[in-house]
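Given below, in the form of structure tokens, are the structures.
Consider the two complexes below, in which chain A is the common component and chain B and chain C are the respective partners.
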Partner chain A sequence: MVDLDKLRTVAKETVSRDDVKYLIGWSQGTFGYRVSPHFVKTPQEVDSLTFSPLCSNNLATYLTLTEKLPVPRGEEPDTRKVALMVKGCDSRAVVQQLIEQGITREQVYIIGCPCQGVVDLQKVDEKLGEGVEPAQASWENGQISFQLPDGKTEAFPREDVLADKCITCRYPNPVLSDILLWDEVEVWGSDDYEDVKELDSKSPEEKWAFWQDKFSSCIRCYSCRNVCPMCYCEDCILDRLNPTWMFRSNNVVENTAFQVARAFHLAGRCIECGECERVCPVDIPLMKINRKLYKEVREKYEFEPGLDPESKPLQASYRPDDEEDFIL
Partner chain B sequence: MNDKFEPNIVAFLCNWCSYAGADLAGTSRIQYPANLNIIRVMCTGRVNPLFVLNAFQQGADGVLVSGCHPGDCHYMEGNYYARRRFTLMRELLEYVGVDPRRFHMSWVSASEGAKWKEVVEEVVENAKAVGPFDQFRRNKINW
Partner chain C sequence: MESLKLSKEKLGDFVSKLTDKELLVPQKEGEALKFAPLAGEDMPELDYENTSVPPKNAVFPHTETMLQFELGKMDMQVAAGDEKEKVLLGVRPCDARAMVIIDNLFTWDVDDPYYVDKREKSTVVGLACHEPCSNCFCTSVGGGPASTEGLDVLLTDLGDSYLVQPLSEKGEVLCQAGADVLEKASDADIQGAEKAHEEAANKISRHIDTAGIPENLPSLWEHELWEEVSRSCLGCGICTFLCPPCHCFDMQDEVEGFEGRRCRTWDSCMFSEYTMHASGHNPRHSRRERTRNRINHKYSYYVDKFDVIACVGCGRCINLCPVNIDILDILSKVREAL
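On to the complex of A and B.
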């Protein structure tokens, strides 16, 4: 069970360490059911840290977002660690970054928080109405209860308010951590990719129409890229003008090309944390594309990203007997 | 479908096998459809899957990527990587609604002029069957 005292004690110890630069965790937000990422630099700040079903942010993104300033002449580079609080899915993002050597193991101190699933704020808003005053939530024996600002408590069965990615989650416990805050939770989910199979069985015209409808609303805000813990290229094709891989025009053709390219760049790398879908302001079902590639990778190459730090990246490795049915 | 439709097909051929194979087909005077726009690359492993997207956007009705047979790559393993990439790219394109008959990959060695003819015929036939791919064209920019 979630033990906030333990969390804060560990956080305090960690931040006090000489070899830790800062700690990234979650703290109560200022609006509704939101929780915001919190960068703790001094032991005095740890009391605002929290862990609840509202902590949907994947903090592993921040590992690679850190600005890398040039080191002044005569000074040593700062090699201190970044302490990071991770849920199961976040830890897989860290592992995948380790696989790709985006970060090294020495750069992070991983504080694992076994998680019983985070809520989808849209589902919560539907049930409780959009909150304005800060509210809190907690897991209570199979239910998620919300402590509303007016003092009332409302509880819902987990299945009703959990995010879709959590309902099918197979890795609620961190796969890699330096310290686990509390006991591992029981795995509840299984994933048969029913939604992907259903769409896949349609004709090309129907699929094209479905996705054109979704992609036509894309506003090219690139939130999906910015929030993705796997999208950390310093030189992104979307920003590059010479050569122009992706045109910036906001029309359905270019949006389709952008979405296909984005999804392809996550092939064999997406760890299904669902952040892209959560932040999408126009509700494009991005996980539906990502999960398709995840499914293919899992079936064709028996590979799952973000599990074993020793494994090689999918597209940087091969087996001579890989499937090649479609090749003439 | 319109019988007169002649598809534009962009073919990425590896320098060491398929390009030489196509050359052999030519020097052997084998007749095959002339719908191909051949782009020579040093290896199929050099073909970025985004090239396929770009080809479709810039007017291709079909794309063919052709290289050495597995194990015969001039660079030892380039076509193995390409195989993984394009398997996934094909699945993805199919999933967003691009007809799978628009994208093909083949292994043609330098001595397979006759196979090259068959491959091209099949690719062109498939592209003709699905028709022009206008819905993925890049919009003309009027400055």
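On to the complex of A and C.
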């Protein structure tokens, strides 16, 4: 069970350590059921930390997003750790970054938060509307309970408000952590990739029409790329001008090229945290592409990313018995 | 100008009178609500809070061809001036005000022919807000749920009809075109609309006092608040691309085979390469500097230059930010720091 006192005590101890730069967790947002990533530098700031079904953000992104600025002359680089609060899916992102050597184990102190699934705010909005006053939610006996503006609460069955990725989640417990805040939760999900199979069963023309419709609304804000804990190339092909791999023009051809490139670069790397789909301001169902590639990799290579920090990246591994009958 | 009334049942008839113009109304494209041409016999659907993509796309498209050329040939074709007359139906007053705000920029030293052409050929029919969204704060930045700035006609929902108030010459022309289906509004209709406008303004629950901010914001240049409010920023383009008064663009030559075009596309000051110099130096090297610039540009530099805040309080940046960076929260921190 979630124990916020424990969370804050551990956070206080952690940020007091000499070898920790800051801690990244979640705190109540500025309105409604929103939550913000919260950066804690001093023990006084831990009281606003929280953990609830509203904590969707995958904070592992910040491990690679934070700019590496030049060290001023006469100063030593700050090599202290970043302490990071992780759910199950978030921990897989950290593991995958370790596998790829995007970060090193010494750079991060992992505080594991076994998770019972986070909500999809769009589903919540449909039921309760978007409030102005900041409000909270909690897990309660298989339900998720929401605080209402009048002080009362309203509970819904988990499956009615959980994010889709959480309904099929197989890794609610952190796969790697330095400290676990409370007991692991029982795994509830199984994933038969029903949504992928459904789209797969359509004709190429139907699939093309489906994606053309979706990609035509892309505004190229790159929030899907920036929020992704696996998208951390210092030099992204989307930003390159010489050579220009992808035009900046917003049209369905370029948008498709962008989204296909994004998805391919995540094959065998995406850990299904669903952040890209959550943040998309025009609601493109990006997880349908990511999950298609996840399914292929899982079935063809018996490989799942972000589980074992000692393993090799998919593209850097080879086994003589790897399936190859799809190669022409 | 005389106020008129349009029965909701006759909205389709009214629209069908505007055949000489392209009609843009809020529509779902994929999952996103945005202004798009109305197809065939479809009825405009005006029951929505606001579009996720603002109508600025109609006058300042995400991608715009400026000129076309062929490799190896000397002549170029400039692509301005061939715009069709358009009617934007159902624009929220905040989004219409935004067009007036960016008119300043696009007509500042020289008129931008691409923008001005589209703007002149657009008739903007607004729809007053009845139910402002949670994060609307238009009344704090000079607007309101029934603000008429930038509108040619204002519609107000009266239940089973709309009060139709023409506000400009273009608006008059539009109302004349639809005269058959419009009737004269009664005093009770006008009073009903005024009451609705007032009620909507009272429903706006978020506010900020901007007094003193434009003059003093740059004095907080090195203040620690900028690091605090930008730490969680992802550096994506949501807050700027979906901001109605944001108007930055990039220009690129795009060549396929022998055919080439120079086009401009939306750009965002939140992107790292926005200020990247050819030398490789980046004066805004982190999200702290970029966030500071975004707020300063809207609430100080633009005011200094054009005497108007480049924010209309539509709340899109707050609603859609993936990490809950809230411009009102930033501005209240600014107030505390001043």
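Just so we're on the same page, the second predicted complex is superposed on the first by the 324 of 328 C-alpha atoms of A that agree within 3 Å, B and C clash if a C-alpha of one lies under 4 Å from a C-alpha of the other, contacts with A are read in each partner's own complex, and residues count from 1 in each chain.
The rule we apply is simple: a contact is a pair of C-beta atoms (placed from the backbone, for glycine too) under 8 Å apart; a residue touches a chain by one contact, two chains touch by 3 or more.
This one's a predicted model, so the numbers in the text were calculated from it and none came from an experiment.
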Which of chain B and chain C A:65 touches, first, second, both or neither: second
Which superposed partner A:183 touches (first chain B, second chain C, both, neither): neither
First (chain B), second (chain C), both or neither touched by A:222: second
Partner chain in contact with A:300 - chain B first, chain C second, else both or neither: first
First (chain B), second (chain C), both or neither touched by A:132: second
Touched partner set for A:250, first chain B, second chain C, both or neither: second
Chain B versus chain C as contact partner of A:57, first or second or both or neither: second
Which of chain B and chain C A:318 touches, first, second, both or neither: first
Which of chain B and chain C A:200 touches, first, second, both or neither: first
Contact residues common to both interfaces of chain A (with chain B and with chain C): 247, 249, 251
Touching residues (chain side chain B, partner chain A) in the complex: 49-50, 53-54, 57, 70-71, 77, 80-81, 83-85, 87-100, 104-107, 119, 122-123, 135-139, 141
Complex contacts: residues of chain A adjacent to chain C: 29-32, 34-39, 57, 61-62, 65, 67, 69, 130-132, 213-217, 219-223, 225-227, 239, 241, 244, 247-251, 275, 278-279, 281-285
Contact footprint of chain A on chain C as seen in their complex: 29-32, 34, 52-53, 62-63, 133-135, 205-206, 231-232, 234-238, 241-242, 250, 252, 254, 263, 265-266, 268, 271-273, 285-287, 318-320, 322-326, 328-329
In the complex with chain B, residue positions of chain A that touch it: 199-200, 204-212, 237, 245, 247, 249, 251, 253-254, 256-257, 259-261, 263-264, 267-268, 289, 292-293, 296-297, 300-301, 314-316, 318-320, 322-324, 326-328
